[in-house]
Amino acid sequence: MTESDPLDGIANLDLGRARRRGYPEAVYCEGKTTEQVRAIARRFGHAGGPEAGAVLFTRATAEHAQAVLAELPDAAHDELAGLLAWPRTPPEPTGELVVVACAGTSDLPVAREAAMTAQYLGRRTELVVDVGIAGLHRTLARLDLLRSAGCIVVVAGMDGALPGLVAGLVEVPVVAVPTSVGYGAAFNGLAPLLTMLNACAPGVGVVNIDNGYGGAHLAAQITAPRSPRPAAERG
Amino acid sequence: MTESDPLDGIANLDLGRARRRGYPEAVYCEGKTTEQVRAIARRFGHAGGPEAGAVLFTRATAEHAQAVLAELPDAAHDELAGLLAWPRTPPEPTGELVVVACAGTSDLPVAREAAMTAQYLGRRTELVVDVGIAGLHRTLARLDLLRSAGCIVVVAGMDGALPGLVAGLVEVPVVAVPTSVGYGAAFNGLAPLLTMLNACAPGVGVVNIDNGYGGAHLAAQITAPRSPRPAAERG
Amino acid sequence: MTESDPLDGIANLDLGRARRRGYPEAVYCEGKTTEQVRAIARRFGHAGGPEAGAVLFTRATAEHAQAVLAELPDAAHDELAGLLAWPRTPPEPTGELVVVACAGTSDLPVAREAAMTAQYLGRRTELVVDVGIAGLHRTLARLDLLRSAGCIVVVAGMDGALPGLVAGLVEVPVVAVPTSVGYGAAFNGLAPLLTMLNACAPGVGVVNIDNGYGGAHLAAQITAPRSPRPAAERG
Amino acid sequence: MTESDPLDGIANLDLGRARRRGYPEAVYCEGKTTEQVRAIARRFGHAGGPEAGAVLFTRATAEHAQAVLAELPDAAHDELAGLLAWPRTPPEPTGELVVVACAGTSDLPVAREAAMTAQYLGRRTELVVDVGIAGLHRTLARLDLLRSAGCIVVVAGMDGALPGLVAGLVEVPVVAVPTSVGYGAAFNGLAPLLTMLNACAPGVGVVNIDNGYGGAHLAAQITAPRSPRPAAERG
Amino acid sequence: MTESDPLDGIANLDLGRARRRGYPEAVYCEGKTTEQVRAIARRFGHAGGPEAGAVLFTRATAEHAQAVLAELPDAAHDELAGLLAWPRTPPEPTGELVVVACAGTSDLPVAREAAMTAQYLGRRTELVVDVGIAGLHRTLARLDLLRSAGCIVVVAGMDGALPGLVAGLVEVPVVAVPTSVGYGAAFNGLAPLLTMLNACAPGVGVVNIDNGYGGAHLAAQITAPRSPRPAAERG
Amino acid sequence: MTESDPLDGIANLDLGRARRRGYPEAVYCEGKTTEQVRAIARRFGHAGGPEAGAVLFTRATAEHAQAVLAELPDAAHDELAGLLAWPRTPPEPTGELVVVACAGTSDLPVAREAAMTAQYLGRRTELVVDVGIAGLHRTLARLDLLRSAGCIVVVAGMDGALPGLVAGLVEVPVVAVPTSVGYGAAFNGLAPLLTMLNACAPGVGVVNIDNGYGGAHLAAQITAPRSPRPAAERG
Amino acid sequence: MTESDPLDGIANLDLGRARRRGYPEAVYCEGKTTEQVRAIARRFGHAGGPEAGAVLFTRATAEHAQAVLAELPDAAHDELAGLLAWPRTPPEPTGELVVVACAGTSDLPVAREAAMTAQYLGRRTELVVDVGIAGLHRTLARLDLLRSAGCIVVVAGMDGALPGLVAGLVEVPVVAVPTSVGYGAAFNGLAPLLTMLNACAPGVGVVNIDNGYGGAHLAAQITAPRSPRPAAERG
Amino acid sequence: MTESDPLDGIANLDLGRARRRGYPEAVYCEGKTTEQVRAIARRFGHAGGPEAGAVLFTRATAEHAQAVLAELPDAAHDELAGLLAWPRTPPEPTGELVVVACAGTSDLPVAREAAMTAQYLGRRTELVVDVGIAGLHRTLARLDLLRSAGCIVVVAGMDGALPGLVAGLVEVPVVAVPTSVGYGAAFNGLAPLLTMLNACAPGVGVVNIDNGYGGAHLAAQITAPRSPRPAAERG
């Protein structure tokens, strides 16, 4: 409630820094027309080579993908995940390993979106599909891999119990991504979302339903190489 | 849509049969005045000995309990569970073992309501408190006991993941009782309720939030001694 | 909170036991591509005869079904239920009778999924379609059949009142399956789901909306032949 | 969308007519201070005898009631229902019988509010407490009384199935009043509300949760003596 | 809690009476296959003339309608309402006038379902389309017609305020039918549903979202010719 | 997506301007301890006369109010509204008239919070309590006053239909404030909130449940004296 | 509660005044058949030139648009917004500037509906697309334009945080329009709707989800030229 | 679906490792009786000095706190946060800085629970109270501090927009903790929870409502000193 305006001194704010870390731009295609997506893709293509910045197209339908590929023919495309990445070659991995885990085939689109995103954000990435709370032994069998990660992205629909189970077994943070997979009372992902928010084991951070991109982005930040932080005055 | 009335032949329906199995009456105290509860207790007391029928008073506050005990001084009373049983001596157990399992202290009122109910409905009952998904090894350590049951009542709040975990480990039916224990996004039991309805492992039947009585009643029916069923015409 | 690790002694855990009871695997087709479903079907087909294990494909669209039948041409297929079973011949029934009851045509897909599932899990099964709370006499007319069951699966949409009504008339457990049938305020099955969870008569275990498979699986476990339980140490 | 203002001709609108039928005013006490309720009561008292108009005070706490009785000492007061009526003598009944039915003690406050309201709105009223879907025979035993009514107000919490059951048994309209009685997943009356809106049997009109006053008011209108309607131009 | 079974004396229950009043059967087509609907229609056609009973087909798609008309070519069909009635000629009207009112074109399918249903249930019916709370004068201009009814069915989406407005202007009961018409926060009818349940003016009974059939059925019961009720013993 | 940082040029941003318009600070007391509220009040008191800035304390309990008055003894205090204003003398009114309207006593706390807030933000204010949709004539009788306002704040619980009704009768913007007053299905203000968001008449802006302060603040901005806007470059 | 009817004197009410301000009629096409929309368009066309009144067709699909253009070939049509305006030429702008702001492409349909509506309701309008909370600098870069408005319509999906941010930066009222854009837990606009209702900065009035028309209408009223208000008697 | 049991080789699983990292045990007091909490505290006290393990008591009422302090008199106690820590001396900080940020006094209990938790889990911690989206300049003024953290825990009620704003300004992960602070439509934290899940800026992981403990635990894991991960076989 002090009245002297602290903004007076912020002329040299560097708000663009986050964007300059080398993380690609992300274009959320849902709700965009094919023409709009194509126009955006064209702008990236015109700008030239990799120095122009990389880009991910998320939640792309087959039509969206076709439009992107028409402008950026060498983009990588995972149909199941609805994800395109350009340029095709991911950056050299740095930081710690990101493991993406899910129980099975139905969660695969989201899990692959997460895995591919983490890779294009510069992390070494492993995708584990065959784990789950109903088949506990399969999860336990992968413990060594899970424990070698710097962060684990757990993708789960239905009861969404897997992230809490994993968080109880490892030391590192778990990023939980609920999916809209399941019978009626899953309410399009509400049930696993609530389960994850209420996970008994601490160490679970939750992102939006079906948001594999967002989950992997958070995981990439958690596992990023640590730079020396600037010293700051204290509150 | 046939018009001949099939009720013509049902004059000798025996709708009261369920009640005569020896299961006690249950009086749900919540929303009743102390006077009303006392009057109901008095009616049971006046009727005489055990042949008059047993009775459970559920969700009884301290005031309710006092009113019941004024009329039925030898009733059994579990304060934490808010449950009274009369007559004090439970029936000789028949059927199969009912195991009631929960993770810890906060779920104990509901778990004890369940265990005591199963006992007064005539089952051998075991209460296991020290299990949970966040401490997986504690659950696995009790597997032998869990597998010796004819039905397991799993009581859980927060993420409600325990019933699904247990159902994946045993052959017998699991009755899941969500509780209203937890932080805000548990929404007073909605979160564990949805988790249980969406359990990945089949074999989970869900009852109402905090309804330890109902869960145990279902379990007692599942584990009841099997009588020969009457033959019936087919549809 | 004891620190000695109880998992030290569980090296010979037998977590796969449930799967070896002879219950078929279940493949939930919703959210899977046709190619994925076909690949799964192929794996079962390659494995050889019945000793390789039976399998159910649930929630299969016409395209899914076509893919399964291309690989397993002799699979049984109920189009209305969206269910396929392979091998075609169900196991010889054991245990007690499972009755599946619903009010009418709109709930039939879920009811038939339940009836067919119970049959392929090894139970004698009866499907009763002509019961309901609005036509009470029709329910009462089937009381003899209902009472001859070891467990009744009641499938209901709209007000979902039928399971509670049935539970008040029989001794055995009722498994309630809400369906997404109904006008707007049924909210795709939420209304009957809540009704069933709040059933006034005890003895109702609820499963997920439209989950005929899950309801029948639970019923099959409830009615399974009773084996002698292993003795276990007590808590 | 015609522009000539049809209100030009309605100078002699008689909007006050409904109020002049002799139905008492109703004062909703919840959320009012004791002082406010007392001031309102005083105004009625000052106005003089019955010709000043009757009044109901609904949802009155003990403090509210004390305030009313300080001003209108001869008012009738049902503590359980939280309802006061003044003058004490209800009008001579006209029209058809209103039956108010509920399952038991917990719903009694709302049921008695309904019965007393119907009485003070000028109807012959019967209150039936011992009916319910879990004890079907008790409902069927009262069928003669139910069928002698011009309208039945059914009050129910928990699963809220009773109105639909009754509607399937009688010819007359059923007014359904959900109550906030029940375990967690009743969600303070939401569950029975949805059940009633989805009742399979037609002929059920639903009012607000715990609104015994409103339910009885609607029933009183349905059972009012029929006056010759004025002839009207057609649309 | 008395044990002598009151059902002993109900062998001559007449549960079919409601159905024999002459109200047609109603077949809810949603969720039924075209083949199922056609089979039902055929059964009515085979049974012969009007003495076989009339029938309404509600929520019929174009395909459903075609199936019905193939079997009952002279059925009346309102495409907008998705309603078919057979036989084509409605019964001679008895009882009091039913007015169906809505604000405009978007609510017309439900309003017409209601009006046509009331007509085929034997009431004189008027449909008023041009009323609404935003154009208050149009409602007031129709007051004479509204007041000549024995019951008014008010159909409204969006804010659902019209039934409460009408109830404040008339003496007779209002049956409120919320519709799923409106922008996002109408939540497919939830908003008008809640509005109607909370109507400030008493005298509003609410039915399910988009359930014009149900609303009209209730109105037809309210306006039915009054028969002398049988005398009944009192509670 | 241009990379040159537009913030480079915003060193002389004037973000504090809104606060300097002369609107008082507002302290939301709910969730604060008495000590915290008293400390805040003390800070205002120490700062000296009106030039230090005015302040409103909203949602103040009796204890909060006592704490404020201990530090600012001459503050104005409306107990019903839970609002304190300091300094006691409101500013000289400018701009246009703000009318605050509600149906009755139960909405009065919120309505008075709104009226008092508008006054202390510098507007001429009228409070109209006796309007409502159930007593339409009372609303119509106040049309002249309503139409003389520059903005109308309509406070309503239960069905929340009043703002839409008023918006259909006037030219100026309506600010709608839902209240938590009402029976169960009002869900603590959710029902009137949805009604207002779905108002059929355009011209309604909605604020939070029970937020009389916020509604009046918006109204004060709408009716503020118009200053010449600075010219700005176009997009 | 006075009984003399105040409506006696309102024969010359002028309820049609709002409509005569020159704002066009609006036809909400959703839920209307193509034929209905065409018939409405024809009626406007037949009536003749602009003096017959202007009209907007909102939420028009491609088919709706075709039907309108068949009758009103010179109507303006924004496909993305699903909006048609007739006559094509908007009125000469009066009052203050309306700025419509949104973050990006996905919210564009709603934002353009708002901008075009404000223009056809007679305001000077600016559309700003490139602002957002995640790219704060872009919002700050447009502060001059935002501050030159008389009202700002902020359109936002996902977290819906933009209106609160803008309200903290300007003096004028903000009209917030939530959109249904976003991942699962946006719940089709529920999330941004709640965010906007809870905006920490006062001065935000919220309208329905995706209701760009409604938001712009309110903004046009807020920014309308101020006419001298009639004097009115006080309450 | 391979049948060889992978659990055969996991006899030496080390599930207790997470607990041995030196993080204290946490006892969630809500729902526990005072006696239960005291008994737990006693157990820790009896075990002896710090080598017995540290412990946090969260969500402790004044009574809970008194019980803990009776057994562990030298425990640290933050009354506002309802948190006790024992032993009193936090561990020597390692890893990176955790900044906890909130807007003001109402969120302080949760924010302080978070800050104190992070400290006792071994992190250097800063608490920033004076930031918020409505007073943007205050947030920007603390950017240097925010950017010096390894993880920022943002605590916010009402619109919950602050975490998304912060995430757009920094490179490191943001842990978002919604609080139950706010007016009605905040729905006890649901609104900020949804806002945070839908944050436009990536890099936000959400935990449960009011769960300052859980948020800080996750942050402590994110900022933990990095140990060399074990090499693991790949999937």
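Every chain is named by a letter (A, B, C, D, E, F, G and H) in the order it is written, and numbering of its residues begins at 1.
Quick note on the criterion: a contact is a pair of C-beta atoms (placed from the backbone, for glycine too) under 8 Å apart; a residue touches a chain by one contact, two chains touch by 3 or more.
Quick caveat, the model's predicted, so the values are computed rather than measured.
In summary, the pair chain A and chain B forms a contact in which both copies contribute largely the same residue numbers, shared numbers making up over half of all those used. Checking A-B, A-H or A-G against B-C, more than half of the residue-numbered contact pairs recur only at A-H.
Measuring from the averaged C-alpha position of chain E to that of chain F gives a distance of 44 Å. Centroid to centroid, with C-alpha atoms defining each point, chain C and chain E lie 36 Å apart. Listed for chain H are residues 5, 7, 10, 13, 15-16, 136-137, 168-169, 182-183, 185-186, 190, 193, 197-198, 208-209, 214, each touching two or more other chains. By the touch criterion stated above, chain F contacts chain E in their complex at residues 103, 132-136, 158-161, 164-165, 167-169, 182-183, 185-187, 190-192, 194-201.
Only residues 80, 105-106, 135-137, 181-186 of chain B touch chain H when the two sit together in their complex. Put simply, chain H touches chain A in their complex at residues 5-7, 10, 13, 15, 17-18, 21, 26, 96-97, 126-129, 137-138, 140-145, 147-150, 168-173, 175, 193, 197-198, 202-209, 213-214, 217-218, 221-222, 224, 226, 229-235. Residues of chain H touching chain B in their complex: 13, 15-16, 28, 30-33, 36, 40, 178, 180, 188-190, 193, 208-211, 214.
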